[in-house]
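Here it is, the structure, as structure tokens.
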Amino acid sequence: MQPLKYDFSDLEGAASVRLAEIVDRIGETYRDGFGVNHLDGVNLPRRAEIVEITEKLLEVIFPGFDGRRQGHKEMIAHDVAELLKEIYSELFDQMCRAIRYSRKVRSCEECGTNEAVFALLDALPQIRETVKLDVEAAYAGDPAATSYDEIILSYPGIKAITIQRMAHVLYHQGVPFIPRMMTEHAHSQTGIDIHPGAHLGRGVFIDHGTGVVIGETAVIGDNVRIYQGVTLGAGNFPKDACGMLIKGNKRHPTIGNNVTIYSGASVLGDITIGDNSVIGGNVWLTESLPPGTKITSRPPENRLKFANDRA
Amino acid sequence: MQPLKYDFSDLEGAASVRLAEIVDRIGETYRDGFGVNHLDGVNLPRRAEIVEITEKLLEVIFPGFDGRRQGHKEMIAHDVAELLKEIYSELFDQMCRAIRYSRKVRSCEECGTNEAVFALLDALPQIRETVKLDVEAAYAGDPAATSYDEIILSYPGIKAITIQRMAHVLYHQGVPFIPRMMTEHAHSQTGIDIHPGAHLGRGVFIDHGTGVVIGETAVIGDNVRIYQGVTLGAGNFPKDACGMLIKGNKRHPTIGNNVTIYSGASVLGDITIGDNSVIGGNVWLTESLPPGTKITSRPPENRLKFANDRA
Amino acid sequence: MQPLKYDFSDLEGAASVRLAEIVDRIGETYRDGFGVNHLDGVNLPRRAEIVEITEKLLEVIFPGFDGRRQGHKEMIAHDVAELLKEIYSELFDQMCRAIRYSRKVRSCEECGTNEAVFALLDALPQIRETVKLDVEAAYAGDPAATSYDEIILSYPGIKAITIQRMAHVLYHQGVPFIPRMMTEHAHSQTGIDIHPGAHLGRGVFIDHGTGVVIGETAVIGDNVRIYQGVTLGAGNFPKDACGMLIKGNKRHPTIGNNVTIYSGASVLGDITIGDNSVIGGNVWLTESLPPGTKITSRPPENRLKFANDRA
């Protein structure tokens, strides 16, 4: 037997030989580099760090709500300064990795990371103002909501939308990987899957939210209300002459202002829903609607059967 | 240039000036107090601490399952005493914050926090007995379940229901914020969104559960089975003369005993489903049903197309 | 008053008496052993540790992506050796608990734990190769996907499928509890609920994924695409003469190769969907389909109402 390459000295002999053999076989599968992300050279951002940065950004938007930082009132500006400094450094590192990896540039001077980071940080005050309108829209739209504070503390739609608004800035800066990692963190926490490319207007309210899917090229107007299980998705996927999907074209709906979309509805394709429309629960819609339309599904005929001769 | 107010000394000069300017602009948006939660004075509970307390309460209900505490058999009573002491102190602090903030009282002597905390702690033995019936209902209702232990270890419905049963006690004590924060923690972990106001009977089983929504004024009887994607929701939202939503009225369904509701069904409005009824998958229901009713949707007509001349 | 059995000396007197009384009442409910999991003797695995092991296994499949370990390129084999050693020890401990508890054997020599652990570890290189095909299938199937790396970094379907592929090995080893705990961790993170018993072919893509349910006896072919909200479920649950559910029979669908199932579709019962079929959104299907079938639901008739005399 060859001497072991790995330190399994605290394991029993047979197990250590088998483990060493498995490590070698796993190592073979790493040779093509597929799905291997190492620290050095040019490589990808890391998930746990993007999650950490995203949570810190939420803390800047709603300071003190998360509970991990406990600031006194007059110290909040200094706390946020400390937080922003951390965000700046950590986001710079991760974005540098993302951009260098993707654009094949060698140094961060070439890659424009600094300006992309500042694009997001500069946008934070405006995002905070916009999110206030989202909170107000939730209060106006939900009979169970008792206060703005309750909404900030416990409504998943606010978390998902706030993260998407921040990711959207990085998406428009052309930052690879990170915007989607941010919205997938929101998806994992809330069940709400909004692609960072989607454009959201002001005062958007997503209630309950589990199962909501909003695609990359969707455009949503102001004062739009969306319930659990709604899909704003692609209709069909055109392919090129080689049979490969065409990427990047507009393929999701445009939703006007003051539109309500009830639970389970699917709105599919590059169609336009006019202002002030109402789309009922479970509606399956693949055609545009003029402004002021109310559309409901006639529910599939229900068949009643009465058991035990009770009828 | 004025001297910097914040300590960005480890950053490069241009970046520190830009960061300081952003901190000031963010500080401006904090001036109205919207979404700012500081440590001192009268202020809100904190999310991470409510999550921590909720997980400790689950540990009291099912000791040792989570794995964060490793007690020996004869030590379990002492372990739970230790745990309960922590819960008492932490919950007291957070509830004091919640109640003082909401009721505008100055001190915890006035605010009744102590009695509200004990209302929950006193209820824990009864909740544990009730949750045992939920576990038995899951075993009786799922062919894939191999033991009660497996259900406790891995069924999200048990987690969501147990948390809701605890939050429901605090809801009836009139505790603001915290009950909903507890059920949103469950929602985030399980995809099951049960409002703390909903009344659940004994032996409730929610299978798979992702996308389930149960509204604030829903009432659910004994031995009820609910599958993924079921909504027990509001029908419409009456508004007052000013166009504002009327809050607090009964607007969700009442479900009788021994009712089964299959996946994707929506039961909406203040209607009553009689005992021993069965509601089929994807049914959309807005009217009451007498006891013993079985209702299924005639599925929308399926159109078959056979490709490759196979038909 | 009897002297207190528990150390509540830092609490005020009345509270400590009440707490002690509650601890005693909770202790009463532990007497039947239901839902009590202690450290010593024969007992169950622990959730937090299974989650930890599952995340480490993912790190072996895609090293460096999570971000918790930061290895240099030439060190990756040594890092993975270290990781595998930890996984081996921790999984051995938890599986020993699971198997001894379930099979009522006394020692780990009798219980076959070691071979069951190595069954999973031995399978890891092959699982890694299979998961590469899943990543390629996602890239080929989603117009929004920009690279394989992005898919590994941020697509929940990859996480859920990879965990299920590992849990499936343990399921076939007859390991109790742990496989389902692993897939429930995936369910909690992704909203995708795949039972460890389900058989997945090569190149499976689950997009968005929230609300997907795939049952224990489902069989899925190669190059299958599944969207959010799809259920591959049981049709009905046969009971034995005593009215108890019959467990273990084949009760979920078999899906052929190159099948696509769009969002919200329910495919129920032990039916067979032939190769190259397409099942449209929201289809409710309880009968087998021959190869090459395309089936869509005629959507329930939409009733348009135009408000404000706009029509």
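Annotations for the structure displayed:
Order as written gives the chain letters A, B and C; numbering starts at 1 within each chain.
The definition used in the following text is that a residue touches a chain if its C-beta (ideal position, glycine included) is under 8 Å from a C-beta of that chain, and two chains touch if they have at least 3 such contacts.
Heads up on the chains, UniProt names are A, B, C = serine O-acetyltransferase.
Being a predicted model, the structure only gives us computed values, none of them experimental.
Two copies of one chain, chain A and chain C, form a contact in which under half of the residue numbers belong to both partners. The two copies, chain B and chain C, are related by a rotation of 120°, based on C-alpha atoms and rounded to the nearest 5. Centroids of chain A and chain C (each the mean of its C-alpha atoms) stand 22 Å apart.
Shared interface positions of chain C, defined as residues touching 2 or more other chains, are 191, 210-211, 229, 264, 282, 297, 299-300. For chain A in complex with chain C, the residues that touch the partner chain are 5-8, 11, 15, 18-20, 22-30, 34-41, 43-50, 101-102, 176-177, 180-181, 184, 187-188, 191, 193, 195, 197, 210-211, 213, 215-216, 229, 231, 233-234, 237, 244-249, 251, 264, 266, 268, 276, 282-285, 289-300. Against chain A, in their complex, chain C makes its touches with residues 60-68, 70-73, 76-78, 80-82, 84-85, 88-89, 114, 118, 121-122, 124-125, 128-129, 131-132, 135, 140-150, 152-156, 189-191, 208, 210-211, 228-229, 263-264, 281-282, 297, 299-308, 310-311.
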